[in-house]
Structure formats: C-alpha cells, structure tokens
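Each of the next two complexes has chain A plus one more chain, namely chain B in the first and chain C in the second.
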Partner chain A sequence: MIRQTVHFLDSRTGAVPFMRKSLRYIFPDHWSFLLGEIALYAFIVLVGTGVYLTLFFEPSFAETTYTGSYKPMQGLTMSEAYRSALDLSFDVTSGLLMRQAHHWASNIFVAAIVLHLLRVFFTGGFRKPRELTWALGLMMLFASLLEGYLGYSMIDDLLSGIGLAIGYGVVLSVPVVGADLALGLWGGPFPGDAAWESRMYVAHVFLLPILIGILMAAHLALVASRHHAQFKSAKRATERKLVGMPAYPAQVPRSIGLLFATAALIFLLGGLVQINPIWQWGPFEVAQGTNGAQPDWYLGWLIGSLRLVPGFDVTIADYNLIPNPFWGGALFPIIVMAVLGAWPWLERRFGGDSHSHNILDRPRDVPVRTAFGVAFFTWVALIFIAGSADRATVFFGLDYEAQVIFFRVAVIVIPLVAFFTTRRICRELKRSEEIGFDQERAEEEAEEEEEAQEAEREKEAAPA
Partner chain B sequence: MTTSPDGEPESRDIVAAGPESPRSEVTVAALLVGAAVSAIAFIGVYSVEKFSTQHELMGLTLAASFAFVAAALILLGERVLPSEEVAEDYPEVAAPQEEEEVAKVMEESAAGITRKRLLVGAGGTAGGAIGLAALTPALSLGPWFEVAPLYRTPWRAGRRLVDDEGKPYKAEEIEQETFYTAFPEGSSHRNLGASIVVVRVDPAALMLPPERAGWAPEGILAFSKICPHAACAVALYRKPTYGPTQPGPALVCPCHYSTFDPGKGGEVLFGPAGRPLPQLPLTVDAAGEMRAGGNFSDAIGPSWWGIDMEQPH
Partner chain C sequence: MAPRRILLATAVTALVLAGAAYAQPRSGVVRPPDEARLPLRELGSQLYAGNCSACHGIDGSGQRVPRRTTEGIEGQGPSLRGVGARSVDFYLRTGYMPISEPEEQPTRRRPLFNEREIRALVDYVSSLPPPGPPIPQPHPERGNLAEGYELFVEHCAGCHQATAQGGVTTGARVPPLEDASAVQIAQSVRIGPYLMPKFSERQISDEELDSIIAYAELVSKRPPDEGGWGIGNLGPVPEGMVTWWLGAVVLVLVCVLIGRRLRA
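Entry: the complex of A and B
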C-alpha cells in the first residue's frame, strides 16, 4: 500500500527523491530553535482566524446607526467598519473568540520573531552563509509590525483613530515628499476619504500577508538549503558535520505537537483573557482623545521615541523643513532596521572573519558582538520603557516630565555602561573557563598517559 | 550503501529501532480521545443558546482539544517513535564548477555583440520609462502635489462656536478650570481644522503676544484641538490645583504629552511639539454668543516639509 502510493507519486511527479531527502533532513536539537517555529505556527493561526474575521468585517467608513445587542452603544452613529467589528464581538457566535485569538496570535507572532532574532544575533547565526536568511527575517519583522498596526487601525474605533493620527503625522513629517505621501495614501487630509479604509483593508488582508508569506517561504527555503546551524553540544558536531534528529519520524510529531500547543495557548488566551475591548473605546472622532487606550506592545518603542525627542522642528523663517515626528517615528525605526540589517556585513568587514560558519557561538565567546548587542537592545528597550512613562505616572504617581528627562539621559548612558560591563563579563567568563579547561585538559592528559602506560605494561606482562 | 559479494544491494534498516513502549501507546490513544471529547464539547458549547460565559467556554474547550493533540504528538515523538541521533555532512557552500559555467554562459552568449553600450543604454531607457509609466496611475491615489487642502480650515470671522450637538456657546457658559470642545456652525466635524478647545483663564494672567490683543474677550481663549505634533486631539486640561507654586493651566495632548500654555497663546511648555498650538481669535456678539474673530494664528495640524506655518486658509 505504502509502496504503491509512493510509486504512483514518483512516476507522476518525480518528487520522491526530494521527499527521500526531506524525510531525513536533520534538525539539531536545542529549545531556542523552536522560537522561529512558534512564529510560523502563530502565523498559521493568524491566517486561519483572519480569514474567518474577513467573512464578517465590512471595511467601510459609511455612516450607520448601531442597533446591535451591546446596550450602551445603541443608537450611536458610527462607521460600518466599527459596527461590523462590534457585531462580530457581540452577535456572531464564536466571533469574539476568533477576534481575540487573532489579536493574541499577532502578539505571540511578533514576540516569537523578536526572541528568535535575539537568539540568532547573540549566537552569530547570521554569519556566512546565512546573511540573506537574516535579512529576510528582518524584513518579515517590519512587515509584521505594519501588518499589526493596520489590523487594529481599520476597526475605526477611537484607538484606531489615535494610532492613525500619529501615523499620519509621521508620514507627513518625511522630508521633501511627506505631504505628497500622506495625501496619496489617505486620499486627502486626515482622516482620509472612503478609499483609505479599503486601502488599509486590502493591505492588511491581502498585500502584507502575501508578502509575509513569500518572505517566510524564502526564509525557510534558505534555512533548508544551507541546513540548520548547530551548537557544539553533540560531541560529533563540527563545522562540517551536522548532528541531530531526522525530520521523520523524530521531528515531525514534535513539531506538529508544537503547532497544536501554540494554537492551544492562543485560543486559551483568546477565550479567557480580554484583549483590545473595542466597545470601550467608542467610535473614532477627530476631536476626541484619551490617554487610556494603549496600542499593542510591539509599537511601544515608537511611542517611546516620539515622546523622548525634545520639542523642536527644523525650520527656516516661517517654513518648516523637518517636523519633529520624523526623528522618533521614522528615523529611529530606520536606524534600528539599518543597524540590524548591516550587522552581518559590518562584522565581516571589521571583525575580519569571512569564513563560513555552521557552529553557533556562545555569546561569551564573542565579547564585542555580545556587548554591542546588549547595548543596542538595551537602548531600544529603554526607549520602549519610556513609552510607558505615562502609565508609571498613573499607577505610581511618578512625575511625568521628570521621567522623560531621566530617560533622555538614560538612553545614552545606560547602553554605554551596558557595553563595557557586558564585554568585561564575557571576557571574565572566558578566562575562568580557560583556566578550567587547562586543568581539565591536564587531568585528561595525565589520565591518558597513565592508561597508555598501563596498556604498555599489560602488553609486556602478557606471555609472548 | 554496502553491497553483498554478488553485487546485490543489501537491504538494511534506515530508521533505527525505537523504544518499545506499549504503555505510552495507550496514553497517546487516550490523549487523542481527550482531544475528540474536547472538540465535541466545543461544538456543544457553540450550539446551545447564547449565555454569558459562552465564549470563554468555547476558548477553553477548543484550547483543551488542541492541547490534548499537542501532548499526544509530543509523547508519540518522545516515547513511541524512534528518535535516533543521526549525522550528515553540511552541503558544500558553493559549486565552483557550476559557477564558472554560469559565468561562461553569460559571457559567451553576449560575446558576439559589438554595440554593448548602446543596447544596455537603450534597454535601461526602456525599462526606466516603462517603470515610470507603471507608477503613473498611482498619482490617482490622492491629490499629490496639492497641499492646499492641508491648510484649509472652516473658520471665518463671524462664524458661531457650537457644541457637539450644534447648540451655540454663550460666553457666560464658559467657566474657568474646565475646557470645552467647539465646532464651527454647520461644518463637518471630520475636518482637522474644525474642532477647537475653549478655556477661560483669569484675564489678568494673560500674556498674549501684542498682535493678539483682543483675541480673548473676558479671558476666553480658543485653540485648534489638533496637536501640531502628530494630529492627536489635545484632550487633557491641566489646571492648577493649589495656588501659585503649582504650574499654571495647560492644554495637554495625551499622545506624547506636548503641553501648551493657553495664557501665552499656546506656547509649548514641554513635550515634542515643535510649534505652538494655533490660536483662534474670538469675539462675543450682542446676544452673548461666541463667534470666531477670523482664522487661526498659524497653520493647523501636523507640519510637513515646506509648510508655511503662519498661513491658515
């Protein structure tokens, strides 16, 4: 039966030699290799729940009166988009579950990508021959941030509107072409004409998911083509020899198990933990604002940077050239992206190592990279934390302005301190290890020698 | 692959023998049954009439069903199926021969061309022009190169200030220590230039620029409600709570906490905004109703490259 099926497939498609290889593709074993897989599986859940949501959501700014079952909003004027999102939450059985699962999945998706990125960075997984894999991953991360932003922006509640207002301000601030870009995208001045809603929608449910899907496919194809990098944990593992478990039968059940575990977590959260309660925000109106609505965590670093930049525009007489949001909203993420994107090449150029690597580094073995990484991600994390300074004011009564001034200094000083401390720690760790190694090696050598001598003696003692 | 002396390939196992564990097999089966039961429970919860914890229970049953499958599969991998450690050489980083051949194909194919420059130039021109042509329809996306709409506001001298419902504001209704949102009578609320905040401060504390004398009758001031930083609505009003040591009243934007001083004509006190909140001149008519005395002091909304900040239209 199996043989017949395989033969049928092979004679019709010629795919069996490829299948033969794939079945025994080797996965080195380390928990941190699962982070990328979790992202992939969260993406699958995102597509599944997302398709369901599109069947009910109406991407339209057309005005309507709410008559659904959520009492506090009955009779309110709102857009069809918001109305359909409310109906999805209150009047479609399992609609709320799907919407919340979708939102949780997006959070888990981005979180898994970020952790995966950190793992790859600190272990040098981006080195030759995997620079392109790294670049594709970065593009995926940034496409996902935009995807998530558009997702909650098209609901057209107050949170959406505030987020979009800021996005509009940032696009408008881009030097030279800002106004044209913003007018082109929005189809007119903020809040935009009717087409803007369908543009967000087509980007969110079609263009960006396809882009992310293609990037993901290319990313995985490159991983498979160069094979996984591995830690030097198995004795036999070397730069030339990959050691691990074959795809089938060892890896497949575990991996699909992880898919189901990820889905279980997402639906558990989607069912039990409220996320983006859109009925609390109310419909968006240009003249409304609130300091209660928070965007998703993965945009927090941009809020932080927009808040930390001191208040100045670059102006000539009465003319503005570079308005303030450009620094925090556009330049900052571009710098982060550019530094991460250029890092493999920078390291090759200045680290003087242009060899191929299949064995991953331990962070301590490459003190400068590790120190740079810790400093860089500390910088981003501090700006991220600064984005929640207003929460600290609300919950702990800390003075907001004092916090901002503190962070303006901290984002410069703390990364520097982090750099030198980390480098020091790495070097110390390595040194103490080398001492340990030397001892071990000496002991081992002594042992070997003893064994050799013993063998010698036995030989001699043996009757000829 | 090894061969036996007579040249026939010896058939041997590819997959190493796994752990024999009948107990685990039973557990896996039990977990899968658990998954089925949970999935059916989900269908049940879905099918009954709406009740308050329905979606929580749906989430729980669906998650349980997935969790059972996850446990079953992981157990299957760990305890039932063989999971041997195998080793294999990494693929060669490069294939020098093919690289050479590809380069040769490219070179040799073009070897007979004498006017290479001309062809490349013409090709580049065609590609560029077609690229531009393909991008041109994108111009229909919006009013590109046409920034006039960005300046536009519905405020003109004499226009009445009305509230959310369209009821005109009377000067006597404007109290200190609170703030009001107003719109121009008969205009869409969606226009960025429409909404304003109205506050009343002690006229003695006013420090408006000289050219704005008379913009704040009785100490009533109006400003664009749209933050000049990034278009959020300036929705918070900080009022002094205890006497002179406290900072004075301020309009605050909840997005990045740009803070503006109404008494000084909207000057930035703190935060990222690079220019003041545009002020709207006010008058009080004979009936005691608030009217605009003209257009804003500056361009409203967030700035862009080349904006003339002094120019509302």
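Entry: the complex of A and C
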C-alpha cells in the first residue's frame, strides 16, 4: 500500500530523492531549538481557528439591533462586527471555543517567538551566515504584533475602540505627515469611516497572514539551507562538522508530539480559561471608555512607554512638530526594532569577527553581548511592567504617580546595573572554568609524573 | 428645647469621654460603658461626641480650621447638618468613617461600629436640623440590564471599569463594586463620596439607578463568565499572566521533556 503510493507519487513527481534527503535531514539535539517550532504550531492553530471565525464574522460598521441570546445586551444598537462577534460567542456552534482558542493561540504565538528570539540572541545564533534568518524572524515578530492588534481591534468592542483611539493618536503624532497618514488610513477622523473596518479585516485575514506565511517559509528555507548552528557540547561538533539527529526516526515524532502538545494546550485554555469576554466590555461608542483598558500582553511595552515619557511636545512657534505620543508610541518600538535588527552587523563591525560560525556561544563566552542583551531586554521588560502600573495600584494599593516616577528612574538605572553585573558574572564564570581546567591539567600532570616515577622505581628494582 | 439640651448633653459627654479617648488606642472607637442600657438617641449622641465631634464639630456643623485634638487628629471635617441618614449610614457601613488620617482616602473595611451603634449614630446625626434625605430603597430587580449597561458605561465605567473591578483616577483609587450593596451604590451615586461626582435625580432618575445597580451587581458579583475561568474579569493583564506563567511554562517544559538528548 505505502509502497504503491510512494511509487505512484515518485513516477509522477520524481520526488523520492528529495523525500529521502528530507528524512535524513539533520536536526539539532537540544530542547531549546524547539521553541521556534511552538510558534509555528501556534500559527497553524491560528490559521485553522481563524478560517472558522471568518465564516461567521461580519466586518462591517453598519448599525444593527442585537437580538441574540446574551440577555444584558438585547435591544442595544451596535455594529454588525460586534454583533457577529457576540453571535460567535453565544449562538454559533463551537464559536466561543474557536474564538478563545484563536486568542490564546495568538498570545502563545508571540510568546514563543520572544522565547525563540532570546535563545538565538544569547547564543549568538544570528551571526554569519544566519543574519538574514534573524532579520526575517524580526520581521515576522513585528508583523505578528500588527496582526494581533488588528485582530482584536476589528471586533469593535469597548476595549478595541479604546485601543484604536490610542493607535490613531500615535499615527497622528508622526511628524509632518501624521495627520494625513491617519486620515488616509482611517478614511476620516476617528473612529473612521466604513472602509476602515474592511481595511483592518483584509489586513488581518489576508495580507498579514500571507506575509507572515511567506516570511516563515523563507525563514525555514534559510534555516534548512545553512543547517542548524550547534552547541559545542555536542560531541564531535565543530565549525565544519554537523552533529544532530536525522528527521526520521528522531525528529519527526518529536515535532508531531510538540504540535499536538501546543494545540492541546491552546484548546484547553480556549475551553477552560476565559479570554477577551467582549460581552462584558460591550459595544464601542466614541464617547465611552473604561478604566484600566489594556492591550494584549505583546503590546504592553508600548502602553508602558506612552505612560513613562514625560509630557512635552516639540513645537516651532505655533506648529506642533512632534506631538508627545510619537516618543513612546512610535520612536520607542522603532529603536527596539532597529537595535535588534542591526545587532548582527554591529557585532561584526565592532566585535571584529567577520567569520562564519556554526558553533553557538554559551552566554558566558561573550560577556559583552550577554551583558548588553540582559540590559536591553530588562529595559524593555521594565517598560512593559510599567504599562500595568494602574493594576498594581488596584491590587497592591501602590501609589500610581509614585510608580511612574520610580519606573522613570528604574528604566535607566536597572539596565545599567544589569549590564555590569552580568558582565562580571560571565567573566567570573569563565575564569572559574579556566582555573578548573588548569587544576585538572595540573592534577593530570602530577599523576603522570607519579606514574612515571613509579615505573622508574620498578625499573630500578627489576635488575636487582 | 430639645436641641439645646442635646447640645448641652453632648458637650458634657464630650468632656467626659475626652479622658477616655486619651486612653484609647488611636484607631479604636470610644464607647460609653453602659452602652446596652442607653436609649438609641442618647447612645448616638454619646458616640458622636466621642468619635466624630473632633472633626465634624460638637454641634455637627463642621470645622474649617485644622485643630489638634486629644487623639492627635488634625480636626477638619465637613458639616453634617442636613446630610441625612443617607450619608451617615453609607459612611459608617462601608467603614469609611471614622477615619484616623483625614488626609487619606477612606477605604472600605469592616465597620468599626456594631449594628445598634450605627443605627444610633444615623438617628442622632439625622436628627440635627435641617432634615436631610433618608436611606434610599433601590429596587434593582425592577431594572433593565441593557439600559443599565448603557448608563453604567456612560457614567461609571470610566472610573470603576466596565466590569466594576475598580481602577485609578488622578488623585484617587477607585474601589471595585464587588462588596458594595445595592443600597450603598444608590447612596454613593447621590452622595458622591471622596472624589466621585454626585448625580442628581435629573441626571440619573431613580428608575435608571435601579438599572445601573442591576447591571453593576451582575458584572461585579455574578459576572457572566461564559468562557470559563474569569481570571478576575480584568481584561488583558491577567490574560498575559496566564499566557506566560501557564502557557509558556508548560510548553517549555514539554520542550525540555521531549527534547532530551537522544543516545545515538
């Protein structure tokens, strides 16, 4: 049966040599290389659940009266978009499970990308010949942030409306072209005209998924063509010699297992833990708002930066050249993206190492990079935490203004401390290892000497 | 006449209790020793003198100028003349009053007075002229949830959050409504405690108030968590925590488990 199928396919495609090669493709044999795969599998779940949701979602701002089965909203006027999302949650078979699984999958998708990025950064996996793979990964990350933002924004509930108002404000703040840009995108002043909803929809269900899919394909093609980088700890691994496990029988079961585990976790969360209960937020109207409105976690760093930047505009006479939201909402993510994107080239330029590398570093082996990374990601993480300072006030009674002042200082001081501490730790670890090596070598030498002496004594004793 | 006698009696008891107050712990309340035998009005008057008069004035007409008292409180409080049973009942049952640090925002806690003491104080303070509004009697069961949602989002959610979980505004922490009774919500809408604006019956009618209370009680006490575990009904912050502390941790563990080095 299998033989016949393979024969059928081979005689018509000539694919068997390629298949054979694929099955023998060498995969890395370390758990940290599986983090990126989680993102891939979450993406598959996103596409699957997303297709289901598009069958019922109505991307339209047209007004309608709700008559569905959620009692507290019955009789309210709302957009078709919000109405159809309510129906998905209460009246469509499996609709709520799919909605929630889709939303959890998006949160996990970005989390997996971030973990994968950290692994690659701290092991120097972005170095020649893998800079393009790194750049494609970053593009995917930022495309995913936009994709997620549009996804929960187009539902037109109270939270998404507030999120869009902030987004609109940030676009407006772009120097010189901001106003035209915002009006062009939204089709009119906030909340925008009917076309804005279609634009979000087309971008969310078509343009960005395809872009992410293409980037992903290119990313994986580059990974395969350059093969994986490997840790030195793998025996026999050198810059020239690739060590790992073949796709079959080693990696395929692993990957399938991880796919099932990821999907299972996402659907468990989707079925058991409530996410974005839009019926509790209600439909959006421009004049309305709610306290404690927050974006999904992966945009929390932008809310944090908007809050931490002190209030000032750059004005020339009466002309407001750079309105305040630009610093936190636009410049900050551009800086983060630019630093990450430029890092491989910066390291080559200033690290004086333009060689190809297939052996990964241990973080301690490159103290400056590791220290910089810890400082940089601590910086972003602190700003991220500052974004939820209002919740810390509600839960722990911490004074809000005091928190803002604390974070304004902390985002400068703590990364600096992190830099010097990490560099010190890396150097000490390396030194203690070197001492360990020296000690071992010395002991070995001593032992050899002893053995030699013993042999000599025996030799002396023998003639007698 | 009666008011003058009451004032006199209050003044005398204030002096008597001042000594007792001195011996009391700072946060404690001062109680007359023969509490159970006192008639309600008399008990109220004595409790007022011992616990409220330092800031609200011996005759309940308030005190504009800060004044250090035996208890060490900077005595400065608004007039209680004409506030009525509505306010007194609210502030005592939420534990907002008495307050030991007048500069701080009053926060909900277990009331310091027992049921009879509260009734006595409500009775006494509302007896001071002029007469004030009584304790409201809301009927949330008559309210309409959809109307309640619209009014709640329009008037309340900006500070109390859409699911009444509380929040932050400039200068104040906004309490969640989980522990607020229907009567307390009705009272606070009309009184406007601390920084909260007060709403007249022209702004929010009693019928509309019933709808608001019905919706607020629904989302804060019996939130419609159709999607499963509600993780606090706070929106994306707890969702992000679940993503990282549950989702990411579990998946990394799975990676470590199935990614263990194979023996070739």
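Just a few scattered comments:
Criterion: the second predicted complex is superposed on the first by the 427 of 464 C-alpha atoms of A that agree within 3 Å, B and C clash if a C-alpha of one lies under 4 Å from a C-alpha of the other, contacts with A are read in each partner's own complex, and residues count from 1 in each chain.
What we mean here is this: contacts are C-beta pairs under 8 Å (C-beta built on N, C-alpha and C of every residue); 3 or more make two chains touch, one makes a residue touch a chain.
What you see is a predicted model; the values in this text were computed from it and never measured.
Once the two complexes are overlaid on the shared chain, A:I210 sits clear of chain B and of chain C alike.
In the superposition on chain A, contact of A:A221 is made with neither chain B nor chain C. Of the two partner chains, both chain B and chain C are touched by A:M245.
Chain A is touched at more residues by one of its partners, and among chain B and chain C that partner is B.
In the superposed model, A:G271 lies in contact with both chain B and chain C.
Of the two partner chains placed around the shared chain by superposition, chain B and chain C are both touched by A:L258.
When the two complexes are overlaid on their common chain A, residue A:D390 makes contact with chain B and with chain C alike.
Touch criterion met: A:Q294 reaches chain C, while chain B stays clear of it. Looking at the shared chain after the overlay, A:L96 reaches both chain B and chain C.
Of the two partner chains placed by the overlay, chain B and chain C both lie in contact with A:Y400.
Where the contact sets of chain A with chain B and with chain C meet, they give residues 96, 100, 245, 250, 254, 257-258, 261, 265, 269, 271-272, 287-291, 390, 400. Of all residues in chain A, only 29-35, 38, 70-76, 89-90, 96, 100, 104, 107-108, 111-112, 115, 158-159, 245, 250, 254, 257-258, 261-262, 265, 269, 271-277, 279-282, 287-297, 300, 388, 390-391, 393-394, 397, 400 touch chain C in the complex they form. Across the interface of their complex, chain A is touched by residues 145-146, 148-150, 153-154, 157-163, 165-169, 173-174, 176, 215, 218-219, 223-231, 233-237, 239-240, 242-244, 246-248, 250-252, 254-262, 264 of chain C. If you check the complex, the residues on chain A that touch chain B are 24, 26, 93-94, 96-97, 100-101, 128-129, 162, 165-166, 168-170, 172-180, 182-191, 225-227, 234, 236-237, 239-246, 249-254, 256-261, 263-272, 285-291, 303, 306-313, 315, 318-325, 328-329, 356, 358, 390, 400-401, 404. Across the complex, chain B meets chain A through its residues 14-15, 18, 46, 50, 54-60, 62-67, 69-74, 76-78, 81-91, 93, 138-139, 141-147, 149-150, 152, 181, 183, 189-192, 194-195, 225-226, 229-236, 253-258, 268, 270-275, 301-311.
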